[in-house]
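First chain A sits with chain B, and in the next complex the same chain sits with chain C.
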Partner chain A sequence: MNKYNRRIYLIIILIINFILTGCWDNNELDTISIVTGLGIDAAENDDEIDLTLQVSKIKGTTGYEKGAVGQGSSFFVMEATDSGILSGIDKLEKQIPRSIFLHHNQVIIFGKEQAKKGIKKYMDVFIREHQMRMETWVLISDSTAKDILTATMEQEENSAIGLSKMIYSESRDYEVLSTKLIDLTSKMMEKTTSPVIPIVTVNSENGNSEAEISGLAILKEDKYIGELDLERVRGYSWIMGNCREIPFNIKTEHGYADTSISNIKLKNKPKFGADGPFISIDFKGDVSIREIQGFEDMKTNEIFAILQRSCVEQLKKEILDCFNYSKNLNADIYGFGTEFYRKYPKNFEKLREYWDEIYPELDMEIDINLEITDTGKVLNSLYMEEKTDENR
Partner chain B sequence: MKIDNGKISASQFMFAVACFIQASTLLTAFFISVTKQDSWIVSIFGFLIGMIFLWIYTALMKNFPNKNLVEINDLVFGPVIGKIFSFIYIYFFLTLSALNLKDMGDFVGIAIMPDTPTIVILVSFMCICAWAVRGGIEIVTRYSLFFTFTTSFIIIVTFFLAFNDIDFNNFLPIFNQPFMKYLQGTHIISTIPFGEIVVFLMVTPNIEIPKNKIGKYFTLGFAIGGISLILIILRDIAVLGNVITLFTFPSFETLRMIRLSSTLGRMEVLFAVILITLMFFKISFLYYVSVLVISQIFKLNSHKNIVIGVGIIIIIYSTNLYYSMIQHMEHGSNITPFQWLIYEFLLPLITLTVAKIRKISSSEEGN
Partner chain C sequence: MVFRYISRKIVSAQNRNKVNHDAILENGGLAISKNLEENLDFIKSAIGESQDLKIHEFAFGEHNQFSGALVYIDGLVNTIQITESILKPIVSNRKKYKSLEELTISEIRRSILCSGSVTESNLFSQILDGCLSGSTVMLLDGFSKGLIINTEMWEKRDVTEPQTETVIRGPREGFTENLRTNTTLLRRRIKSPKLRMDHMTIGHKTATNVCIAYIEGVARPEIIELLRTRLDSIDVDAVLDSGYIEEYIEESPFSIFSTVGYSEKPDVIASKILEGRIAIISDGSPFVLTVPMLFIESFQTAEDYYVRAFYASITRLMRIFCFFIAVFVVPIFIALSTYHQELIPTTLLFTVATAREGTPFPALFEALVLVISFEILREAGLRLPRAVGQAMSIVGALIVGDAAVSAGLVGAPMVIVVAITAVAGFIIPSQTDSISMLRIIMMILAAFLGGFGIAIGFLGMLVQLATMTSFGVPYFGAVMFSRDQQDSFIRMPLWIMEKRPKNIVYKDKQRKEVIIPPVKSDENVKQKGQDNFDE
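This part shows the complex of A and B:
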């Protein structure tokens, strides 16, 4: 290749650079409306839904839109009623000058009414559409999705972004309090498992609202049938594992102790016993004591023994409470059916159809081993110090 | 008569093989939809079966160290039947290039630039490939080393980054599907990514390796490619679980799941980068081979004159292959493997057997 040719090629490449930038798909920031939250509520008509989009306003700090900074809210909400989600979005697209951009959608919120009717048929679009991401959080609103998306929060004005951050930080402690779209899809595909989705409640006061996660909604197939309150969520998360450190307070007749359980090692084994299938749970964890009140005139060893015993008792109680609750609803929120399938694929093939009848009868064997490893920076407490010294 | 006098070194050849196989590792949906969570087992089986193919090709290469596939066919079957066989290979190579081009176009069209007409992407892509092909084998394989390293690096890094989302329970239950599924899966995986290395028979005369070392380098390259494939499949199954069967691009979806913090997310761009670079390598290689076969059969003096023409044929062919992604997947898992088996296994095996029986060998002629 001689020098002359090379120059021509170079010129061609440079020209191509200019005419082919992004081709037909260039999305400049001033031509898109970035959706931060998507809500689905039940409409009056059974076949239709009320779609709510929370769109964040793009505020330039420089340039011709200077005046907009710091005034008004940072988002606006659009609504449409339609039979499908994308057709609803198309409808909304005609109302605004910019095109709707779904790549940065943070949360998908279902209203409680819609959750009772079933959410499965609206899941398809979230999996199919390329703009949607499988890591998006899924939530159920205690009232309607619109209530949450229109709420303005103190720290993050934009409630969808605020919720997304909240769930992200929450999920570090309690992984069960976060449901990604992929988890939900995966559980729905398992057939025997009942998916759980966090519930968000909004309290509005003086214009600013506070959103909190108030529990987990239990879905049977794809319909809302009940919920776990935060007490039971803890009982649920003991078994689901994936929790780093869970605060845990115990009340005994001698006093009160605030502990936390960490370093949890959990084994749940599905087994076939003489009277049918049961689940055996082996729970190991370290207890660290954070605060002690009471326990006067007692030796350290005694206190530790009492604490350990009552920890185990209470843990067992919490686990069983949640388990029995789910048995009453006949909703396999733990995915035990899948555990059986994974362990005994051949046997489970026959059981799968009858899982709804088996699950309420399922037994659970719990074996809990706790050890007190950490007592903070003191060995003894204020009240018992002298006594224990005398005893030595 | 030799059309392309370019020479490639042993390591270039090795990385070309590795890169060629890695290019197929990104589009795994057609056998994952068959064998689901056991796809990694199937890919190990496929790898082992691929070794048999590899052995046949190596034997052919050793037997005819300075002849390419067309010349081997002529030598073994005589000018008439040999030409028919070579014509079959024209069809095979053109189809392969068109299929891969279509995969690339589909990916860009669906996932990155949905509003851009696919033909624009295909034409601009093929322009660069044509440029490389005009340069001959040296240019086509020059970047294989770089591409292989980039890809391997990205695969390993994403494996660690995805570690948070990995759940090893997703592999259970193992071996719980009908036997035929495993057979089908092994068949698909041994023919579609692994067997395609039959194209390297076309460049035998250009490889500067001592005869007895060919097998070693070929196997090494094959192993790099195969291990990358198995790693990618393990990662995808572990991250996505039972949802994996839904997606057309499982790896793309896996990388989308990676999120270390709000800043370090959106890793799927890495997938797009390696897919397009690897596809560039694979398509230009297949394109080069198609051009070479055609010019060899028609006894042209240089392959350069027909580069543009063949490129246009490939583009038009690829736009008319399938109507939809679903049909493509359906063919990929049910029909294509049987077709490919003929070109990748039966024909080379027949050639080798006939050559052994008739005791034809170009190396013994003492050139």
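This part shows the complex of A and C:
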């Protein structure tokens, strides 16, 4: 008898547990406002920021009559000026009937003005707060963050989602063009490295806007000091690796060729030479030819030799151009300091102290090894000589 | 309190000794008298003025000096057999019996009757039993003994293809309501002399014949003994289906999982018997029970063994997957959409949120409405005549579902999720009832506690399953790492499974001595085949 009673009491107690606690932390989907973008701009007051939230407006569809099922297409933007990010969000929460839901935030955008002032002190909340994800893209706006978050794009009405998709697809070719929150924070923690953040610009034309990534902003410590344009981004990208296939076009005196470089194997070795530390770079890659113009009445193997040579030259030029630019800014965007730390952990403490003086003097030795492996569907062009080298 | 009342009832029922309810049986303990009239009167009073009770009085002997009577129930007996093999021989017998001393009961039995199964009895109880189960009772004036002659014959259903457990490939016979037919179907499949069929009678009023079938040496004696004691201790007045027996012999009566297996197909039961299980055949039910039952048996079907091993393994894995779908998809959907929106991919979240917008009820209520209305529709479809049932499902599924979505009462994703769940649940017919209950429990847990609740529910389910036993055998048996794995999540080829299941079988463990892979064709044969082909 006791046994059965005990069981029944246990069941009742368990049920009461559920009922009395209620639905703790329960948020039905129609009680939350999904934030898709978060922007931080410099406010008039130096201690404060202008916070912009892009919130997607979920259109109710009862039944099937509307075609809008599938994409919360429109959005609204909320703004607040406050000294902290979360306090700003709290302020905004009071203006709308729903609670603000930050988990699905796609992008964090800093205005250029704010980036010049420094972004470090606002990074804390992104690391600390549970709702923030470390996979969120970080961007710097060419103008203000608000400009981007209020823009409507052609394909995606919601600019934050559109941007995040755009960065995702860009990052397949140039991984350097995408910076996640976690990349940014880890680079900030390496004292010698200067983080880079993609810059996004918006061109408004008749209602719809085109957002594009126009380069990389270079941050020294946490302040904007300059930017790499897209050509230098490619030069930067060669060294940073992590790219599958990079299109690369060359102009020689004989003609024009469009190639792409893939299978890139890169080794950068920090070394101490006679005149101080230098970086030796060993670059290997496969060139595939995509398009050839000119080179009339030349043998194929001659063309290949020319192409290969000019590829190497141009590559070297691009790499050095970007490297010298970063030396001028005294910003170690490549993380060479960290490479030295990995190789010479004992000497590094000294090195770090003087890194700002060492970096502008740093030398680079480049060894480039390219091989033409793929010529597409044909070997010759229409106007080339038929005869080819036996070995090819 | 209601609970206390019920539990007191249960306990007192457990403590109570077996009582004999039946007055007739007590009276039936009387012995037969020598007077035929008295005996017939007693039988009449015991059975009552039933129309189907037939008493045929007759006289026989040289000068018709002896008188006797045949008592039987019309419809249960073969009247031709009574005429041909009882009445005709006895009436037309011209042997000279001078007195009662010469004519003894055993003499009649031996030299006059032409019937196979005849027993003598001097107790009314046995005579009444025999009469009511289709035998003909012969009483003679001047003898205090009666003859019970087996003349059973009644209308019965033919062996047909079962409605449940249909197969594409495999035997199509099904059990019938007749016990004898069912035992025949088993005997025909297992011709071993070790196949035992033990009979017993359960039910004070129905006196249902129950048969337990097993192979000696393969089934464990302690399980047989346990089953016998449980069957013996059943104190009930009626057994109308094997389901009655199931409830009395299962070990976890309060669990939502069934610990007794059942099947309508003789080939399935035969294979279970060959694995060392014991079958319980109950007269009047085409469903035969098997014990002990393991959880994994719910996912095994007859066809698994008739098609090739690869496909059988895939479908079995799919069934297990469907069990999880059927139980957990709705709870997970509820938990994700009310607690863990961060786990839904962004684009999907917008879709779900769009559908959610404007629906008036919380997610749990929405899901409960759909799940319960699905159960209602299912039940209605089952009970109605088949032709109407189809109309039912169209009205229910298409019109109501569609209207509910377009009226904005429920969201379209929820309808999809519940529909998938419902379909997945049908894949495992023997667990459909437990799935329906588990689903609702999990849904409530998910709605109150989110993902944490689902985890608790899942753990609770596992603990329950792992602690349960069926006739002393762990219910989760073949899921554990053991040789039984070869026939649990996947089915190995038949030629690899050389042993019977470990937990169930007794001494005779080997199905066969060694693993012999199917023979590869000889080179000569190959060559010959090639030659034929070339010609």
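Operating definition for what follows: the second predicted complex is superposed on the first by the 350 of 392 C-alpha atoms of A that agree within 3 Å, B and C clash if a C-alpha of one lies under 4 Å from a C-alpha of the other, contacts with A are read in each partner's own complex, and residues count from 1 in each chain.
To be clear about the criterion, a contact is a pair of C-beta atoms (placed from the backbone, for glycine too) under 8 Å apart; a residue touches a chain by one contact, two chains touch by 3 or more.
In this text the structure is predicted, and so the values were computed from the model without any measurement.
Enquirer: Look at A:L230 in the shared chain and tell me whether it touches chain B only, chain C only, both, or neither; answer first, second, both or neither.
Expert: In the superposed model, A:L230 contacts neither chain B nor chain C.
Enquirer: Please work out whether A:S186 is in contact with chain B alone, chain C alone, both, or neither, and reply first, second, both or neither.
Expert: first
Enquirer: With both complexes superposed on chain A, which partner does A:A305 reach: first (chain B), second (chain C), both or neither?
Expert: neither
Enquirer: Tell me which partner A:D25 touches in the superposition: chain B (first), chain C (second), both or neither.
Expert: Both partners, chain B and chain C.
Enquirer: If you tally the residues of chain A touched by each partner, is the higher count for chain B or for chain C?
Expert: Answer, by number of touched residues of chain A: C.
Enquirer: In the overlay, answer first, second, both or neither for which of chain B and chain C A:Y341 touches.
Expert: The first partner, chain B, only.
Enquirer: After superposition on the shared chain, which partner residues are touched by A:I34: those of chain B (first), chain C (second), both, or neither?
Expert: In the superposed model, A:I34 contacts chain C only, not chain B.
Enquirer: Classify the contacts of A:L10 with the two partner chains as first (chain B alone), second (chain C alone), both, or neither.
Expert: Neither partner.
Enquirer: Overlap the chain B and chain C contact sets on chain A and report the shared residues.
Expert: The answer is residues 22-25 of chain A.
Enquirer: Contact residues on chain A for chain C in the complex?
Expert: Touch residues, chain A against chain C: 1, 4-5, 8, 18, 21-30, 32, 34, 36, 56, 58-65, 68-72, 101, 103-104, 106, 131, 161.
Enquirer: Enumerate the contact residues on chain A facing chain B in the complex.
Expert: Spelled out, the residues of chain A in touch with chain B are 16, 20, 22-25, 127, 130, 133-135, 168, 182, 185-186, 189-190, 341-343, 345-346.
Enquirer: For a test of understanding, state which residues of chain B touch chain A in their complex under the given definition.
Expert: Residue list for chain B touching chain A: 110-117, 120-121, 124, 169, 172-173, 176, 240-243, 246, 253, 256-257, 259, 262.
Enquirer: Under the definition above, what is the set of chain C residues touching chain A in their complex?
Expert: By the definition above, chain C touches chain A via 3-4, 7-8, 10-11, 337-339, 341-342, 346-347, 349-359, 362-363, 405-408, 412, 444-445, 447-450.
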